[in-house]
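Look for subunit A in each of the two complexes below; its partner is subunit B in the first and subunit C in the second.
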Partner chain A sequence: MKIIECDGKLVCTLDGHFDTLQSQKLEDELKAHLKAPQSVVFEMQGVTYVCSAFLRVCISVAKIVGAGQFTLLGVTPPIKRVVKMAGMSELFVCE
Partner chain B sequence: MSTEPGTIFERRFHNRHDDLSRVTAEAMRFIEARGVGDEAVYLANLTIEEMVTNILKYGYDDTAVHEIRLRLEIHPGTLRLVLEDDGHEFDPLKAPEPDINQPAEQRVPGGLGIHLIRKLSEQIDYERCGGRNRLTVRIRC
Partner chain C sequence: MDIKTTEFADQILQRAVQAGAVFAQLGQAETDRIVEAVHKAAFNQRVRLARMAHEETGMGKWQDKVLKNVVASQLVYDDIKDLKTAGVVSEDFASGITEIAQPVGPILAVIPVTNPTSTVIFKVLISLKARNPIIVCPSGKAKRCCAETARICYEAALAAGAPEDCIQWLNDTSREQTQALMSHKGLALILATGGTGLVKTAYSSGTPTLGVGAGNVPVFIDVSADIPFAVSQVFISKLFDYGTICASEQAIVVEAAIAAAVRSEFERQGAYFLSPDEIVKLEAVAFDTVKGAMKPDVVGQPASLIAQKAGIAAPADVKILMAPLAGVGEKYPLSSEILAPILAFYVEPSFTDAVNRCIDLNFYGGIGHTVSLYANNEARITEFSLLMNAGRIVVNTPSSQGGVGGMYNRLSPSFTLGCGTGGKNITTDNVTARHLVNIQRVARRRDNQRLARFDAALYLDESLDSEALEQIFNRNY
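So, the complex of A and B:
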């Protein structure tokens, strides 16, 4: 997990398996960096698995930075399916 | 604790996150090695994690060690996953559905894991038997 702040944008490069414990670590890391207004990008190319705890982190980010300011990039098809089933496709960009 | 050869994986483990992580990883290696497809492996992983995390969070009032049982059976076209615990009676089929149409600021945490398993699995059955919860989830594979 790598978090870089640049020109008002927070870019989080994530990889691996985001189970409940790893999602908690992400949430803790983000607390130190996240502030509104700010756009946030999760680079997801290396992420192979997310659970509902990760999706709850995404909801929290969307709540803080506002609609349209949060993007998930490089999302694999199985994770896209989970995001869609959770009804979260409308909350942030997922591509 | 035992693993049978072939198409059945069984583990008994304690209500601890470390045990959950270890057993989940073993279960995924077991079904991957037997040719179960990526989508079913993902869903099996999600099911074990979401359901056992709920048991760890809400199943017990004490901090004592409790035993959770997992059984995975690989059948043609179907993965059958059975979880048993001695926690509070909890039928996930009766849990209220989260409102997934709310905007982010109105979303409330909770219920999302069960919602995902309901949506993505083929069939879920629950029974309370001998003071234990028994959840059976069928996953297309």
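So, the complex of A and C:
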């Protein structure tokens, strides 16, 4: 997990298996960096699994920064399917 | 609800309930004779009924409606004729279970304007096969051809020994009358094929309903596909009755590596690629942004006529209008379902992106329905299929005919395509006669050995876990 701030945008590069522990770490890291209003991008190319705690982190980020300001980028089809099935594709951009 | 409406529903259902009671006395052989007679009568009138449907609705092509009538009569009959639907249908000594098929009872058949005569034939055949009386409730725009189809089937059924009133049909029913029928206590089941609103009304009636969901069929043409073949199959499907089947293709998705080849093959076979300005013009005539749905006047119309309406200078012999789009959703009206020879076209950088685009389309108004894939790479076929939410994933097959079944695959031929819970349906199956029986199970005594030769008091001992109990159970005596 790598988080950098660039031109007011928070870019989090994520990879691997996002279980409860990893999601908690992400949430803690975000708390330290996140300030609304701010664009947030999760780079998702390397993510192979997401648990419900990760989805909760996404909802919480979308609520803080606003739907149009939060993007999941480079999602693989299995993760895209999870987002669609969870009915969360309206909450943030997922591409 | 006024008295007249209640009386109307009572009269129809009273006749249907009585017909059902008489019908339940018939055995398999008598039932099969009726179904055979009805299928022959409908088949023999296939051309006249198709012409009537075309003249009355102004949709599609009469020649293709003939083929639809053939599927609904001949192919459906071939599929159901050997099915056991009356009395004892299976017996298994080992399990001690005997299955008995009973009719569900009176069925209300909602008929769409897009496939009127074929859907009547289909629903009549599957209902009669299961010994159920049927009430045909057609779209107001197709009531004459539906009434004539029902009449032909009814006369043939009566002549073959079916009970009086086993088929009834409605002419001019108001919304209130339809609702009264749907919620009538005598009605057993609704076969609801039609628009989302009507299907929802059926589900809300409290009567069990086999409904359908809307489609929005993406077609992924993989790099491993035979491109000229794939494109030719899309034409066969999308031009079939000018795209009125809900399993017809709505969008083509390709990887950039083969985009030029696919595009040029589409052009060679008669497609016209629209410019951004032309896409805006087409959106205006094809899509109602207020209702968020296709406009009825383009449904089942030829591409040349639609282009003319939109003021698009496409060649006079254009067969399909192709709209290159950058996204899916409200901003892109042509990414929605449109039952006409119009296709969205997406070029994606990689396989992953292409599959993601198909997921977007699948979840944008087409959950649970049908998706289509052209590929000769088995691993990709499996990967793609696992990620889609569709009752039918048709491979290297025209999706209209592939979804309906019976022509290019061994799916049950059907004009009611279940979309599973994603489409708010109870099944993903192609609905047919086997869905219209209640199965009663006679369960003869066969003691469960886990309990029969085991001291059940041991379950009360909290110190024994599942492994310990398993060991005791498996001990040799």
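The working rule: the second predicted complex is superposed on the first by the 95 of 95 C-alpha atoms of A that agree within 3 Å, B and C clash if a C-alpha of one lies under 4 Å from a C-alpha of the other, contacts with A are read in each partner's own complex, and residues count from 1 in each chain.
Simple rule for what comes next: contacts are C-beta pairs under 8 Å (C-beta built on N, C-alpha and C of every residue); 3 or more make two chains touch, one makes a residue touch a chain.
Bear in mind that the values here come from a model prediction, so they are computed numbers and not experimental data.
Once the complexes are laid over each other on subunit A, subunit B and subunit C both fit without any clash. Residue contacts after overlaying the shared chain place A:Pro78 against subunit B and subunit C alike. Touch criterion not met for A:Gly8: it reaches neither subunit B nor subunit C.
Of the two partner chains, neither subunit B nor subunit C is touched by A:Pro37. Superposition on the shared chain A places subunit B and subunit C such that, viewed from the Cα centre of subunit A, they span 60 degrees in steps of 10. Measured by the number of subunit A residues touched, the leading partner among subunit B and subunit C is B.
Of the two partner chains placed by the overlay, only subunit B lies in contact with A:Asp19; subunit C stays clear of it. Residue contacts after overlaying the shared chain place A:Leu55 against subunit B, while subunit C stays out of touching range. Applying the stated contact rule after C-alpha superposition, one finds that A:Ala67 touches subunit B and leaves subunit C untouched.
Touch criterion met: A:Glu95 reaches subunit C, while subunit B stays clear of it. Put simply, subunit B and subunit C get as close as 6 Å, counting only Cα atoms, in the superposed view.
Residue overlap on subunit A between its contacts with subunit B in one complex and with subunit C in the other: 78, 81, 85. Across the interface of their complex, subunit C is touched by residues 75-78, 80-81, 84-85, 89, 95 of subunit A. On subunit C, the positions that touch subunit A within their shared complex are 352, 355-356, 359-360, 363, 383, 387, 389. Across the complex, subunit A meets subunit B through its residues 19-21, 49, 51-53, 55-56, 59, 62-63, 67, 78, 81-82, 85-88, 91. Per the touch definition, subunit B reaches subunit A in the complex via residues 17, 21, 24, 38-39, 42, 45-46, 49-50, 53, 100-101, 103-105, 107, 109, 112-113, 115-116, 119-120.
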